[in-house]
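Input: structures, listed below.
Next come two complexes built around subunit A: one with subunit B, the other with subunit C.
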Partner chain A sequence: MATKIGVYFDQSSIGGGLDLESLADTVGGKWGDLTPVCKVFPVLADKKARDEIIADIEEEGLDGVLLCGASPRVDWDLYEFEGVLVDRVNLREQGVLSYKNPDGSLPDPEAAPQLLEALVTDYVNMGVVRLQKTTAPDGSPSEGVRRVLVLGGGWTGLTAATNASLAGHEVVLVEKDEVLGGRALGLLKTVPLSHPYTDVHDTGIEKKIAAVQGDANITVYTKAKLAKLSGQPGDFTATIALASGEQEVKVGAVVLATGWQPQDTKVLEPFGYGSLQNVVTAAEFEKLAKNGGITARRVAFILNTALAEPADPYAEVCAEAPAEAPAPAEGEAAAPVVKDHESVRHLPISNAISSVVALKQAGYVCDAFEGGQAFILYDSMVVQGIHERFYKAAQDRLGVMMSKAEIRSITQAADGSLNVLCDKTLIGDDIEINVDMVVLPTGIVPATAKDPIVNFDYRQGPAFPDLELFEGYADSNYICFPYETRRTGVYAAGCVRQPMMLDAAEEDAVGATMKAIQCIESANRGVAVHPRSGDLSYPLFNFVRCTQCKRCTEECPFGALDDDEKGTPKPNPARCRRCGTCMGACPERVISFANYNIDQIGSMIREINVPPDMKKGGPRVVILACENDAYPALDMAALRGKHWSPYVRIIPVRCLGSVNAIWVADAMSKGIDGVMMLGCKYGDDYQCHFVKGSEICKRRKENIAETLNRLGVEPDRVEQYEVAIDEYDKLPGVIEDFMNMILEKGPNPFKGY
Partner chain B sequence: MAQPVRIQPDLEFVKELQAVGGESLKKCYQCATCSVACPISPTSNPYPRKEMVWASWGLKDKLLSDVDIWLCHNCGTCSDLCPRGAKPGDLLSALRNMTYARLTQPTVVGKWLSSPQYLPILVAIPAILWAVVWMIMAGVNGSLFPQGDIVFGKLFPGDFTIDPIFMLTFFTAVGILFKGTKNLIASFQPEGRTLMLGKTKHWTLHLVDVILEEVLTHTKFKDCGADKSDRKVGHMILMYSFVILAFVTGVVAVGHWGGKVIPAIEIHTPMPLTFPVKILANIGAVMLLVGLAILTVRRKALDPKKTSSNYYDWYLLGVIWVVAVTGVLSQLFRLAGIAPVAYSVYYVHLVAVWMLFAYLPWSKLGHLVYRTAALTYVRAMGRR
Partner chain C sequence: MSNSILVVGGGFSGLTAAIEAAEVGYEVYIVEKTPFLGGRVAQLNKYFPKLCPPSCGLEIQFQRIKKNPRIKFFTQAEVTAVSGEAGNYTVKVHIEPRGTVPSSADLSLLASSLESAVDNEFELGLAKRKPLYMSVPFAFPSRFVLDKAALSRADELKVGKSAFCDMNEAPRDIELNVGSVVIATGWKPYDVTRLSNLGAGKFANCVSNMQLERLASASGPTAGQIKRPSDGKAPKKVAFVQCAGSRDQNHLNYCSYICCMASLKQALYVREQFPDAEVTVYYIDLRTPGRYDKFLRKVKADEKIALVKGKVAGVEEDAATGDVIVEVEDAVKGEKRKHRYDLVVLATGMQPSLAGQKLPFDVPVDEEGFIVGGEEKGIFAAGCAQKPLDVMRTAQSGTSAALKAIQTVRGR
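Our next item is the complex of A and B:
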């Protein structure tokens, strides 16, 4: 709680013909003792200004500093003062730069119009009250176990374990099989992993195994599984199921490297798999090669799998309705339903890997026999990155022949050989190729598609959420946060995340290990890992008023909240990403952050000066803008010469998920004519930094609309918009349309009450 | 679905193709930049994209019956633009080389012409032939080099040696080319019957069109877009010098043999330098050297990463160089009166000329006939 706030204006970044001295006087007059210092600096970034602020803090005993000038996104690192709360008021981008008169004209730059003065005054007052309602967050450090749990002892897991150990961390490695090595053990050769990237070579998995086995920092459990993971980052308890029983280990973070399993061969039946002889999968062919058993001199590698796929493999499958789970008997908890995410789609999804594997295995055929012939029949030959060099080298081999082709049929000739009939080939005709063996691709099905693997002891269930969006892969579409799993402290690497080659898996393992270490370090200091890296605040619960409605526990996108039998939430701050979705969910307003809370934003809304007569003073509209995309987009629009209505007041929020319905009620009862909520795209291809925030907001908005309707307020006075950061140019138009709608509707019926 | 074609790759054939100039053919990844870039490729089934995949797959039958390789005039635009350095232009050139080698009997000659290792055999045959003539005449004359004025007829008498040997050689070559052309046209014929719609012309009229519209005017060379070199000029000068020299040879033959019947038209060799036929012959010789120089310089300037010159190219250029240089030097040494050198150089000249004619059906010079035939065929088939 800031009780003595110094308010400083930066003349150099505001301009606009505003009389800042008189503004400073007005603010000082209004807030009295709360703002003992109100000053205008010609240039705030000047060292003299900084020295003067430090002197003011000393002399006046300030505990808050409010800097009015450029957007808080600019020079944020310049203004830190020890032991004092600092906040910013955006008078440049969202004040002067974006201002336009109600008739659309631009103001005289030398003399600020009255509406601009009103706008700036509102923002400063809102800033003062915001700072007044802020306390310094203290962080919530947890136990701080510096031990990394690596799940999976294959290529990726071994790499992760070694790297975590090299970084000075203890490692516990859990492998389900009897021996370490995973699928890499079964490979005869690997696609080249180093310069010149042209020839296959041994994987070198033995070296990785030896490195792990010889490392005193790494404890290996084989024939083991993770039965349960409870607790929170920095303080997890992993229950490991061993042949000899269960064992509990404290760990700080988890690297998920459980790899993949070959897709069910049933999908390959249209190619004659199972009914014709010598039709095998790539995985089986690799095994054959490893055992020196290649006898086929002419082999067709089929990469075009359209024959096995429905016309549109991504269309919704109209499967029979899932059988109703029997209702649990009274008092008995329902067993969580584990969904199987394996589908025919894993075949096309694995194409990039299948392509390179076919090139490699075509080489096996040429190596095995002088004059060996390998036909690669593809729909799209996908070779990623540096593997293009391998493709070129493979292509240059005499016996390797490739063509785009659609497979029509595969039949067995009388002598046991196979005839592959294709059309739409590059050769120009429909062709028939006689071969000794047909090799079909192996779909890469992630371990997480079949099994919860981590077995979270979380209220929201044992598996990762939203796996159906990623075909069972423990991946996320956070392009900014790789290795993310939507469960803080667990980072995915290797084929469990995406189909990939050994080189990519190795890089993945290192990346995920670094995230795991970062997570442990953050948990130790009580700060958020990401996306609000370093944020010391965390949700605080005033349990006195909690009604155990469970909304917060259900809506938390990260499963941060467990609950007890009665339904009282049990926060796990280290799992939390500080989005505030729980705060937005709570009807009793029980949840708050030290520097972001219901009262604070509500007070800011109430600080807006609403003219009683809309015809004379114009309407007022509050914009609740998501800090991640919408707020910067507004800044960008202003910096690029866009303007918007002088009647809007913008308030940044952590995520639309944190918007509590009470704020809308506050705005409406204050007489504000409309509320715009600008947030991220939601749905299956969401862009929300917190996964569910904007989607949840949309749902809540429908409830709010209903309530408003009952009260006789048009529900479309409250609207939510999806904004991506690169859509800044569209924003002024969106605001314009909304304002026109409000002007047409007339004043909020509650105005003046 | 049409009757599928059974694919039987012939990897040995691919190796052979790689050996005669198509070594980069496997690098092709079928982007079809070549077919799009080619300024003279037809819009339907354009070359050389399809030839690249056929070659990579070792589809020998398709390639050996492909008329399109003769439509290409080898400007190198496709190879320049190829993103993979697969050199489609070189492949088509290699396929033509392959045709020279395989089209007619005795194919052993085709083999001898395909690689420099057999060059000694090719040289030895005429070298022995003319050495035998030389030795016989040396016996008759009583010395290795005849006395008195230098008259090459003293050592290599026209009536009894040069004319019969060359006439026999020439007409044999013509016969072989005729057979080769028949084989070539037969290889182009699609299976089954071809139904011609609309007006058709007799093939001889198409041949006249080809000669007038393409051969004599070199229009295709001009259309070969990106080729900014002097290839058209060089090739045209060379071709017309051959025409002039053939004409001069004809006139001299008629004058010599006809003179025995009608003395009025008799021509005596060596002709005086001011004699019109001699003047024309020397003009032809100079043009030959100029054309050769232009083509050789151009070939030397090619970027080997884009287009390479193969043995067939250098063999032909080399033989014509020897013919031209020894021809000119024979005359110069004769005029200078240096008998041993003049006779020796003339001997080399005869060897080279014989090589040019005798091996014509299997050498790159065969394109003179085969390309003309193929161009006539495509006109008759309506492929433009």
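Our next item is the complex of A and C:
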């Protein structure tokens, strides 16, 4: 808690004709001993001002510094003062720059109108109380386990293990098979993995196996599985099921590299798979080639799989109602339902791998026989990026023929050969190709589509929660942050994350290992990982008042909270991303952060000066703005010359998920006429940095609306808006519409009570 | 010896490499040649397939930088010389003056009062900028840049009077001691004017895919309204020409990885703004790998978007209307025809920024300018300096390079 706050104004960034000296006096007068220093500097950013603030800190014993000027997003580097709490008040973007008069006109830049003075006064008072209700967070370090658990001993897992070891970490590698090497062991050759990217070559998997086996830092368990993962980053307990029984190992983080399995061949039946002879999958053909068993001289590689796909494979299927699970015997918990995410979609999703594999295997045919012929029939050759060079090299190869084609049918001739009938090829319709063998693509089904694999011993269940969205892949929904999942400390790499070739899997393994190591280091320093990396704060629970309603444990997007038999939440700070969704969920308000809490935001709302008569002083509206996207969008709008109503007061929140209904109640009972909540987009393509925050807020809002209705307050006085960061140009219009609605409605019926 | 890491390039792969390493606990320097961090992605309107804004991810990265004292960055800076070996490199960095002093003062009024205007490199020739500018949206660092050479006499007088501009700031040369280097110098759009048959640079209404990103961006020259550059008309018929420079041994001998998805995304930009507009994409192959398949099908489901496998033979301009006439051979139907479009977008390929440049580092570079080695020297390429990639793969690559760099400097 800041008890002696220095308040400093930056004349150079504020301007707007405001009398800052008088503002400083007003603030100083209002807060008295809490703000022993209130000063105006012509330029806050220069050394003179800094030195003076440092002197004030010493002389006055300040424990808080409040800087009033530009947005806290600007010039962050100039204002660090050791040992004191520092906060900023955004008087430039959200004050002077965005201000307009109620009639829409712009003020005289030399003389600030009264409404602008009222606005900045409110913001400064809100800033003072915010700092007053802030405590420096102390961090919550984990147990300090630095060991990395790698799940899967194939190409990706081996790469991860070696790289974690090279970075100085002990590694435990768990492989389900008897031998290391995974699917790469079965490959005759790989598509080229390095410059010049033109010719197939050996995979080199043996070298990777030898490196792991020869590394004293790496312990390998084969014929083993992860039965259970409990605890938190820096302090996980992995229960490994071995042939000889279970073994517990302490680990700090996990790299998930359990790869894939070939798709059920049932989807290939329309191509004659299973009914015609010599119709095989690419995986089967690779095995043949590896064993020197290619006898077919003319082979068709089919990449256009439309024949096997429904018109829209992504259409919602009305699934048959699942059979009722048998009721658990008395005293046993019901087994969690594990969904099988395998579908026909894995065929087109594997298109890029299928394309290069066809090129590679076409080469096998030409290598095996002089005059060998391979026909590649595609819809598009998905050979991306640098691998185009491999495609070019294959095109130049005698015996390899490729065409766009739609497959009409595949039939067996009397001599056992196969006729592939094609339309819409580059040489016309109705083309029949006679071959000895047809090779169909192998769909890549991630291990996580079939089995939870990690077996989280978490309240929210054993599997990753978003698998449905990613077709069973343990992937991220963030383009910019491909390793972020909803389970902190577990990072997926290789084909369990996305279909990929060995070169990409290699890079991916190193990347995931990087994240695992970073998570361990962060947990051990007691700080958060992405996206609030480095944050020392964490949720504190006042269990005395907890009613075991379980909302926090259910709503946490990251499954950070377990609970005991009674339902009391058991926090795991190192799993937590510090979004505050638990704080927003709690009806008893028992959850808080040292520097972000219910009382703090509530107090800020109460600092807003609400004129008793809306007709005279105008309405007041609170905007709770997500600090990740909505807040920067507001800044940007102001910087690009947009203006909004002088009646709104913006309060940044960590995430809309952290918004507690009591804040809305605070605002309403204070006589504030409306509350806007600005947060990220939700739904399948969510942009919420904490996955579910804005969506959860929307649900809670419905409840708030109901409550308001009961109290006789129009529910649409509280509204949530989805705002992307780049929609700053639309934001002022959104505010305008809301304000017009409020003006039309008239004052909050509670005003004045 | 040093356990610090140098990252050359402040685009998405460089930012990722730097931040990931710093969050493990290593000291990192970023050297960026432009005045702002963010690189190519800052110019994009939306990412495929989510159609989410790049500034969202960049804002997170910038927040991470702000919170992490282990990251130091230099803008308008370039590496000029390197000596030493893995674990102990001395790197000389030249820094151009920014011309504005640290302060939060809002210089936008001063900037708009200046009379000179020069081509705005950020808007790729579609707009002008003042000599005092902050053209990047959500600019980081959020501080104006003074382009002294572009000032008129009158401008010089005005700027000279401002306490927040410094006409006399001199360039600086500094030396950094680092143990490892990540080269994340990224890519540049291929100079399509070299594809004389496609009309770019000749015809106003033949734009590049990167230019269309700016035309569709709220922060761009048309405030996000897609308009024909010649007359500001809303385009009703738009063609996308794929592989403009890519997959062509005479130009870029590789596929540029992103253009198919980018054009499909841009087709949606057009369709969203103009419900009546018709779009045709001429392609060789539609490369939509993995789960992007879903996106392809979403675009295909739009009846006003036609996807045609075909080679564009040539492009002409109807001088009277500004329309663009595209001669194209439909590869499946086998017919060659001419079609008239209001706007043609060339899916311009990506070329490594290092193509044709002399690199201060001793690392092997292939004939196209991609870095193809250097690991044994503790020098790692990340992102599109290494091969063409999309943003997601770039982030993967940057993260991976960070660990490689850490392995090199660890314990030093």
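Things worth noting here:
One rule holds in what follows: the second predicted complex is superposed on the first by the 747 of 753 C-alpha atoms of A that agree within 3 Å, B and C clash if a C-alpha of one lies under 4 Å from a C-alpha of the other, contacts with A are read in each partner's own complex, and residues count from 1 in each chain.
In the analysis below, a contact is a pair of C-beta atoms (placed from the backbone, for glycine too) under 8 Å apart; a residue touches a chain by one contact, two chains touch by 3 or more.
Just so it is clear, the structure is predicted and the values come from calculations on it, not from any experiment.
Bringing the complexes onto one copy of subunit A puts subunit B in a clash with subunit C. With both structures placed on the common chain, the touch criterion links A:Ile431 to subunit B but leaves subunit C unconnected. Residue contacts after overlaying the shared chain place A:Asp613 against neither subunit B nor subunit C. Applying the stated contact rule after C-alpha superposition, one finds that A:Asp202 touches neither subunit B nor subunit C. After overlaying the two complexes on the shared chain, residue contacts for A:Gln395 are found with subunit B alone; subunit C is out of touch. For subunit A, the partner touching the most residues, choosing from subunit B and subunit C, is C.
After overlaying the two complexes on the shared chain, residue contacts for A:Asp25 are found with neither subunit B nor subunit C.
Using the contact criterion defined above for the overlaid structures, shared-chain residue A:Arg408 touches subunit B, although it does not reach subunit C. When both structures are laid over each other on chain A, subunit B collides with subunit C only at 308-316; the other stretches in 56-64, 164-172, 308-316 or 380-388 stay clear.
Comparing which residues of subunit A touch subunit B with which touch subunit C, the overlap comprises 392, 404, 426, 428. Listing the residues of subunit B that touch subunit A in their complex gives 1-9, 11, 14-15, 26-27, 29-30, 45, 50, 53-54, 56-59, 84.
For subunit A in complex with subunit C, the touching residues are 10, 12-13, 15, 43-46, 69-70, 73-78, 92, 97, 163, 166-168, 194-196, 312-314, 345, 348-352, 378-389, 392, 404, 424-426, 428, 470-471, 473, 475, 477-483, 498-500, 504, 507-508, 510-511, 513-515, 517-518, 521-522, 529-531, 533-535, 628-629, 632, 636, 639-641, 681, 685, 687, 689, 724-729. Within the complex formed with subunit A, the subunit C residues making contact are 12, 19-20, 23-25, 45-47, 50-61, 63-64, 66-68, 101-106, 108, 137-138, 142-143, 163-164, 217-219, 223-224, 246-247, 249, 253-257, 283, 285-291, 293-294, 297, 301, 309, 331-332, 334, 366, 370, 372-373, 387-389, 391-393, 395-397, 399-400, 402-404, 406-407, 410-411.
By the touch criterion stated above, subunit A contacts subunit B in their complex at residues 371, 373, 392, 395-404, 408, 421, 423, 426-434.
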